[in-house]
Amino acid sequence: MTAISKSFYAVIAGVGAGTGRSVALRFAQSYPVVLLARKPESYEAIVSEIRSRGGEALGVSADTADTASVASAFETIQKELPGRKVAAAVFNVGAGFAIKPFLEVTASDLDASLASNVGGLFNFAQATLPSLLEAVPTSPHPPSLIITGATASVRGSARFGTFAAGKFAVRALGQSLAREFGPQGVHVAHVIVDGVIDIPRTKGYNVNDGKEDGKISPDAIAESYWHLHTQPRSSFTQELDLRPYVEKF
Amino acid sequence: MTAISKSFYAVIAGVGAGTGRSVALRFAQSYPVVLLARKPESYEAIVSEIRSRGGEALGVSADTADTASVASAFETIQKELPGRKVAAAVFNVGAGFAIKPFLEVTASDLDASLASNVGGLFNFAQATLPSLLEAVPTSPHPPSLIITGATASVRGSARFGTFAAGKFAVRALGQSLAREFGPQGVHVAHVIVDGVIDIPRTKGYNVNDGKEDGKISPDAIAESYWHLHTQPRSSFTQELDLRPYVEKF
Amino acid sequence: MTAISKSFYAVIAGVGAGTGRSVALRFAQSYPVVLLARKPESYEAIVSEIRSRGGEALGVSADTADTASVASAFETIQKELPGRKVAAAVFNVGAGFAIKPFLEVTASDLDASLASNVGGLFNFAQATLPSLLEAVPTSPHPPSLIITGATASVRGSARFGTFAAGKFAVRALGQSLAREFGPQGVHVAHVIVDGVIDIPRTKGYNVNDGKEDGKISPDAIAESYWHLHTQPRSSFTQELDLRPYVEKF
Amino acid sequence: MTAISKSFYAVIAGVGAGTGRSVALRFAQSYPVVLLARKPESYEAIVSEIRSRGGEALGVSADTADTASVASAFETIQKELPGRKVAAAVFNVGAGFAIKPFLEVTASDLDASLASNVGGLFNFAQATLPSLLEAVPTSPHPPSLIITGATASVRGSARFGTFAAGKFAVRALGQSLAREFGPQGVHVAHVIVDGVIDIPRTKGYNVNDGKEDGKISPDAIAESYWHLHTQPRSSFTQELDLRPYVEKF
């Protein structure tokens, strides 16, 4: 294991048993990681796992859809990791997934999708970008804001309207941030995860005819996020897709 | 002038001196038109203009961002035009245009953009789609929901993040509706208006080096909307762009 | 019928029983039309049909994939229609459609697709653009170059590689011409025809579960091309899609 | 240095002082590399450099635009590296870059762009895919075909028509190959290099106002290619972009 940074940290919003956990473990090889989730049970096991591997981890309860909750979480982080700057911020929140005929969807379904997706990214980006900018001159890799997207980020399928609205909006905001903060040295990237992720919750899903590796490995996603983070500023990727070899697209 | 329909009407959300007015005048050649705007001063002159040309028009005050306000407006319409079905619904609302460095944007800027753009489309689509579906068997052209988009519907430019979030989300919802309601006979189309529209408010704008026709004629936009409405169901356009010949793209 | 222009003509490359014929009939309501096809049997019946309706039509044999053949065809046109300028040029050629596993495709399959698609557009555009430019100051509508595309213009499906290569290349060249000649007043538009066209050859195809209007009406395509041609220069469409209401997309 | 594979090799078409050289050096850390270029002076120095670092390298003269030349090159490779399979094939050829007003471009400019770009990829893919498929069961990483694209792969700019035609066509073929061969275990990826690469030939270019790191490091490109190659089959990227932090997009 390489030395863990003493000046920077990585923060991951939206951790659970899948991508968030894998990303946390991957970035914990180089940075202390802060895990944000609404409930402690989402991050406690990961914090333990990272510590047991010799890494540093801190779990903080926060609802990224709630501006005040995010502000409070970053106050806690400042107290726990005083003087540290954000080297990498990963926005991996994705609620609001309702598949319904449009005339059965309610305005609150739409609001929930918008609040958790683009509202969450907005709050998280406002909380992390000042520190990411401060990290530019000294961080080992360009400070990075990496955003998890989905098929619905680029395709509005029938009955996915409210979910796609939230995901398209996240992509819009991510693009805009890339164009504003890229020239200042912060790498903003958006990843289109196009397939079902292989996590405990999807164990029983019959995906891609049950073919081996037909679901996306969250560790592979984490490896691609780490690659994005380590790209030098002469060669930033703004967007990439990830999907199983057998996924139709 | 062709005869005005006695069984159907067109409804246009977001009228003022520009696209909304031109669309209203164009559709009023075939249908009674209902104009929705937050304030009577936005529709009164247009209602008069249409009537003076022998058309039928009704102005109703409504804030499309507000679910209850939209419901109330459509109750009014039902009373005024009993038994009529919607042949064409045009969503032309576009507020939330704030160009600011991201760290100066507030959560309420984002909310305003989302509420007026995708929230407005959501409310308007929920209010009109049941009637558009009913109109399918008998309407002279496929019942249509036409949505005004912008450059920011497909591009998240620096400092346009909150506006692009709203516009991307509108496009997502529009695509989803096209895929759900197209097979049921309702034509949902999204138009990317890529340029400055030639309206009183933009008179002084120096656009495209002041070249003649360097701003988009709202009457031309209306003609394209009418073309979309008259496409038979064997040949629907889901998306088109409109821009001045001298616009960079 | 409106008067037929005495100063301009429309030229359509790629006519047969489908889109080309419908476009010819539609544009013949306003212009003399010149029909280009490799073999007289492809245009003779259409020429007769137009003349029987009181229009003017001229058929010329030409292989648009062959630079010399195109040059010779336009010499013939100059002799037959001396002093006339091109008001509308429609490129509707689409050969090279081979669906095969890639390892069974030959280099000559690829060459055939490239030659007929982008090679053909290249020759046709070089032959018509000088006259389209000359027509700018006086033509009733902005002189137009309209290009027929396909699903394969924006999607490289499995086993469609060589066809998609030709179609993507056509779209690339069309975009480039739009950006170069648009500011000079020539309207270059690309149309993505996404579905099976309803022509004699496709009579027996089971498309969209045999649903009524599940194939695209070539007359509807022609109407959209005419709409594109009549757009004023303040409001050009560069690209639109056309598909049956029941088509999956 | 990790051990060099004895069963596989990497082959890079289009090597010179830039991306090709960096990719060769990167892949030579794990595989013997075969370098294809039209002239020995393009690969000789790189072959020496790899050997001096303890790697294995073979240079073969070939014009990828010429089917026979590619066939002959792979016969040579079979003789020199008997029984070895292709673990990674990188198509990095990019000629045909002519920026001219369309009416000054000739048919042979178009042919040159098509032949070198999509014709070259076609020949290279046909030569390597059988071996890539054979490598699937045993190769350390999913056998990969990685294709270098450019801004012109997704944008037809004014006066770039013939170049964009070639690049769009390459992207089309790459997408099609990804969809056909991905499910068979071969990873086909396309990389949009959006900016000027920092190589000897571009030393004097004033790019991005001369800002530091305003040109793309070819070593960074190579690192992203290596990342693509090492993605497991559950998580393939089909397309990513690379650009300097200060590049407008």
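A, B, C and D label the chains in the order they appear, each numbered from 1.
Note that contacts are C-beta pairs under 8 Å (C-beta built on N, C-alpha and C of every residue); 3 or more make two chains touch, one makes a residue touch a chain.
Here's who's who by UniProt: A, B, C, D = Short chain dehydrogenase.
Please read all numbers here as calculations on a predicted model, not as lab measurements.
Same or different interface residues for chain A (Short chain dehydrogenase) and chain D (Short chain dehydrogenase), judged by whether over half of the residue numbers are used by both?
Homomeric contact, same residues on both sides for the most part.
Measure off the straight-line distance from the CA centroid of chain A (Short chain dehydrogenase) to the CA centroid of chain B (Short chain dehydrogenase), and report it in whole Å.
35
From the mean C-alpha coordinate of chain A (Short chain dehydrogenase) to that of chain D (Short chain dehydrogenase), what's the distance rounded to whole Å?
Their C-alpha centroids are separated by 31 Å.
I'd like the Å distance between the centres of chain A (Short chain dehydrogenase) and chain C (Short chain dehydrogenase), where a centre is the mean of that chain's Cα atoms.
46
Where in chain B (Short chain dehydrogenase) do residues touch two or more of the other chains?
Where chain B (Short chain dehydrogenase) meets two or more other chains at a single residue, that happens at 179.
What is the complete set of touching chain pairs?
Taking the chains two at a time, the touching pairs are A-B, A-D, B-C, C-D.
Please output the residues of chain C (Short chain dehydrogenase) touching chain D (Short chain dehydrogenase) within their complex, sorted ascending.
67, 101-103, 107, 110-111, 114, 118-119, 122-123, 125-126, 129-130, 152, 155-162, 164-181
Can you list the chain C (Short chain dehydrogenase) residues touching chain B (Short chain dehydrogenase) in their complex?
The contact residues of chain C (Short chain dehydrogenase) facing chain B (Short chain dehydrogenase) are 142, 179, 182-183, 185, 187, 198, 213-217, 220-221, 223-224, 227, 230-246, 249.
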